[in-house]
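Shared between the two complexes below is chain A, which has chain B as its partner in the first and chain C in the second.
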Partner chain A sequence: MILTDTSQTLPLNRPAEPGASGRQLDVRVRLVIALATSVAVLLLSHPMTLAMLSLTGAIYMAMLRRWRVQIICYCVLLFLGGLSVLFLYILQIFLPMMRNTSPSAMLVPLLRMLALLHAVMPLALSLKLREVLSVMKTLRFPRALYLPLSVTIRFIPGLVYDLRQIRDCLRLRGFRGWALLRPRFWLLPVIFRCLFLSDELAVSAELKGVGYGRPTHLESKKFLRANNLAALVALLSILAGVLWMDRSLPQAITSMHTNAAGLKSGGHHARHGNQPAQRKTHAEP
Partner chain B sequence: MLSLDKITYAYPFQDAPVLRDISLSVKPGQTILVTGPSGGGKSTLLRLMNGLIPHVHGGQIQGRLQLAGRDMAGMLLREISQKVSTLFQDPAKQFLALTVRDEIAFALEWRESDPRVVAEKTELAIETFGLAELRDASIYELSDGQKQKVALASVAALSPKVMTLDEPTANLDPQASADLAGHLARLKSQGVTLLIADHRLAWLRGMVDRVIVIDHGRAVATGEWSILEDVDFRKSFGLRAVDLPGCEGVIKVNAESIDSLVLWDNLTFGYRGRGVLFENETFRIPPNAVTALTGPNGCGKTTLARLMAGLIKPKRGSLQLRSNPIRPGDLLRTTGMAMQNSELQLYQRTVLDEIISAGAGLDIDAAREWLGRFGLKEFASRHPQSLSGGQKQRLVVACAAARAGELLILDEPTSGLDGAQMYALADLLEQRRSAGRSSLVITHDIELIARVCTHEISLPLNTESPNHEPLEPQTLQETL
Partner chain C sequence: MTNNTYTIEETPVGVQPALSCGVKLHWTTSELVAVGVFAALIRVVGLAIALAGGGMNPLALMLRNAAATGLLVVLLHKSSKVGTLSLYVLVYGIFSLLLMGSGIMTLPGTLVSAVLIDALFAVFGGYRTTGRILLAVGLYDLLSRCVSLVVGYLAMRESAGMFMMAMGIVILAWLGCLGGLWLGAMFVRELRQAGVIRR
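Up next is the complex of A and B:
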């Protein structure tokens, strides 16, 4: 497997523009931002607060300076929004009960998607898998978790290269069109390739002492640098502000609580009330 | 340091021993070269010495094997690997981390309890092997020579007493081989015992204390380097040259006056997102010629070969075959190509089916004849993937040669081949040339170039001098 010419990053993980501020943030901060936003969009339901969160997120995403991707994301979101409205109108034709639903009801879900997109896309666009593995190592994740992941990730570009080579070989042998798609032509070489590679890697791991005793860890970069800490504080402040402003939050929590209680009691009924009744109905005839 | 007393070994489920009655005593700091024909048992001998046999491969061992005065039969692989480190032919297959620093630190992390010691030893290895600039580089970004250097640094960081190296220069160009030789010479001067199995001999001149020639599992000759100087001796065991020949007679193909079988004019090509590799370049393959395509790793040799085979289309450029404009796809019909990684090019049920599938319209007799030319006739009914690495490589070359019409392209066909097999390949290329057909060979193998190549394309084109200057023995000794 030749790995020399292969980029270390997957297509989505192409690095951000040089000097982009978003890229300078520690991967842990970016992960926390994505996680916190995911939780926030679950809790928030007021269009204004969601819009504020989306605006803050837009600035955060813009720090990457991947304008083209950002615009494409917005276009996709607009398309999805348009599609939702279109289907709403279609549903209203056939389902009278839907006629009371206004198209503006689609705004909150769309804003939620927008906020989430702003938090997740910078992570996806700027993240190097190597960094994630490094963080897993620093945070003392079990080796049994990150070592196979590391090896798998390392060989993905190689697998792409291998598949290309198989295709080239088949073309050189004169196979065209559907003949190229015979599973045997692709599976057999790949399976044997993986078998040989895994054998060699296992030997290498044995010789390097993997599995003997408890490993120590090479000192890695410190968990929090000043800029990362600042970013984390800024994020928490934004979230706190947004949460404080969202007047619907108490209702949302109450509503969630009520729903949960309702589900619990409904489930109780379902288990002890409805199901036996259904069984009875089926049994009576 | 190491002693083998009448060792006989057979792999599991095999009756015939691979090694027979091998006795050897290695003193600390010695460098031992194990050479001989392919399939003779060189790699098996190294596996015995680094403990992979019997701990990983199993099998039956007779005789006594000692490491630093201890019987290896009673030692765990962990104990053996603390004293004996191993460097494989393809270093990329032994990397378990993603960056140079992490890879060098990897084995240390499993052996040292103090992170500071791990860091110190890692940094020392990085500096000693001149890898400071590549400290945080991804292993994908490294050339083959750099990968081999990183692999060597990672095993040297463990401060082994013994180091086994299995064909470490098979994928390296002469310069990278010389660099490797320099690093090994330093380790030798520090008292590390080196056990090197290799077909290529020239790069080891001046460093080896003892030579063992293994053929059919037996140590057929042992002695000092001087035993290899005998041409008849080398010929009888199919060994390669001990001095690299010059390539004075090879014609550079950059000259406009040379006729062209295949001509790419004003060629511009680059992979998406990776910039331009060739810009308005002109490449030509002469007719009735064996052309070597040389250059450092990553300079675009394989890409150019794929362009010449018609496998990829350039951004710009015009293509001609015997002065007639054609489309790249048309080249596929008249070209045979053997790439690296032979197991990816074999997918039939038997060896015979494989060559029949490759050579369009080949009947069984002709297919058997092709197999016979590559010493594969007796394996006709075997599954292609069950062959050894060298046999698979020969089968892939045979398939390409059986298919090739006007042009045969081979990508590093001699890595892992012994002298006899390399000469057989050279003969095939010469026969094609005599029959008025052309071949393009991507290679670092100076012996092959000197023996059979008539022309050379040296990449990148704008360099003044060829980048594969044959290493004079003096140059290597100076390096050492």
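Up next is the complex of A and C:
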């Protein structure tokens, strides 16, 4: 079967620790959580509400018990935040318009990234290929979607094998060291190999009847169990509460409308419109 | 291809299947596999360039986008049916989501851009020539960058400085895409000389 389960070879797709309750959630629920959070972080702008969303997300991610990955994610986020502050200082040297921007102004975007990280990483960490295919079939995804997706994950080990073959060919031709790193030695051979590999995979899939019959190897799951429903209700309640608490939301929507109107009429409304005080200090130093 | 329509379960081998509503899925298995292969290749090449470039390096950013655009041009030559661009964007977005969890904020915008470009070229005759494919990919890159800027503004509306920085990054990425169009044309020329692409 072309759709071999290679999820064990991908480091990020290792299953969660045994007994982790986050693993029991349905993949559709995790998708809904990720999508709802991504919409919420776009709407929210108050640091406290974003911090609350991030804290809830941290508990959700901790349910997977992948502590090492969670800590690495925080370290990467902190590193990116530090890098942003560094770039801000560098930009302030060259751009006078940015000298009134304080490093604390970066807090809200970082909190947004943190909340999104908490929602999306559990999804990425706990997915298995067989589960995804099963879900796609249950949701009646078309063949045009689930076949490329399956091939996408199956293709990575083949690509690694092809890259090794190209490297060995170059070594046999006498190239060593830095000469091996020339882009022209890699780009076209990789594209050639990928085109041939896609043809081989397509023939293999057609010979094995992928897409032409009803597959029997996929496990089927019920749509929503009680815990999934509970998770969904809890998430929606949290999001509703956070949206209700976010006092700056009406101001943000008003300022978005004002800025859009200002852009249409040459910026007059943007300068004299009803904008939040924080935005004014940043836009007009 | 016959005039009969089949459901997916009833489709005999060798006949392109159709949905039960009668809408034909006009991609062959080979084209669908090519979309998956190129989505994975673009993701892996992007990751490799980002790692080699040491993260937020402008040159690595431009190279990454150039490689992605060039490979997308090759993909559209391999499967030049209208809708391939949208399908690629959808597959790439879901694959990115599965691997790294990234792209969830920009996926709706890029998908809308791809659907718009597909619809535009469906009206004007599809991706028949290399020039049309280059134009379609260039327009898609431009439109998706504009959508990215709007999303970036929504995400960073509190700090104008960060938005300016994001705008600079998006412009750099778009310049890389312009280079990728040239790179894609070169790839296609080589592949055509080798007989891999016959159009």
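FYI, the second predicted complex is superposed on the first by the 174 of 285 C-alpha atoms of A that agree within 3 Å, B and C clash if a C-alpha of one lies under 4 Å from a C-alpha of the other, contacts with A are read in each partner's own complex, and residues count from 1 in each chain.
Methods note: contacts are C-beta pairs under 8 Å (C-beta built on N, C-alpha and C of every residue); 3 or more make two chains touch, one makes a residue touch a chain.
A quick note: this is a predicted structure, and the numbers were derived from the prediction, not measured.
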First (chain B), second (chain C), both or neither touched by A:Met63:
neither
In the overlaid three-chain picture, which partner chain does A:Leu117 touch, first (chain B) or second (chain C), both, or neither?
second
So, A:Ala36: does it touch chain B (first), chain C (second), both, or neither?
neither
Looking at A:Ser45, would you say it contacts chain B, chain C, both, or neither? Reply first, second, both or neither.
second
Considering only the touch criterion stated at the top, classify A:Leu77 as touching first (chain B), second (chain C), both, or neither.
neither
Name the contact category of A:Ala205: first (chain B only), second (chain C only), both, or neither.
both
Contact breadth on chain A, by residue count: chain C or chain B:
C
Looking at A:Gln165, would you say it contacts chain B, chain C, both, or neither? Reply first, second, both or neither.
first
Using the superposition on chain A described above, determine whether A:Ser150 touches chain B (first), chain C (second), both, or neither.
both
Is A:Gly174 contacted by the first partner chain B, the second partner chain C, both or neither?
first
Which chain A residues contact chain B in one complex and chain C in the other?
147, 150-151, 153, 188, 190, 192, 197, 201-203, 205-206, 209-210, 212-213
If you look only at chain A, which of its residues touch chain B in the complex?
1-8, 14, 129-130, 133-134, 147, 150-151, 153-154, 157, 162, 165-166, 168-169, 171-174, 184-185, 188-190, 192-193, 196-197, 200-210, 212-213, 215-219
Interface with chain A, chain B side, in the complex: residues 50, 52, 55-56, 77-78, 81-82, 85-86, 88, 92-99, 101-102, 105-116, 118-119, 122, 138-144, 147, 271, 273-274, 297-298, 306, 309, 311, 332-333, 335-337, 339-341, 343-347, 357-358, 360, 385, 399-400, 403
Where on chain C is chain A touching in the complex?
8-9, 11-13, 17, 19, 25, 27-30, 32-41, 44, 55-56, 67, 71, 74, 78, 87, 90-91, 94-95, 97-102, 104-105, 151, 154-162, 164-165, 187, 190-191, 194, 196
Using the touch rule from the top, collect the residues of chain A that touch chain C in their complex.
10, 12-13, 34-35, 38, 41-42, 45, 83-84, 87-88, 91, 95, 97-98, 101, 105-106, 108-109, 112, 116-117, 120-121, 123-124, 127, 132, 142-145, 147-153, 155-156, 159, 187-188, 190-192, 194-195, 197-199, 201-203, 205-206, 209-214, 252, 255-256, 278-279, 282-283
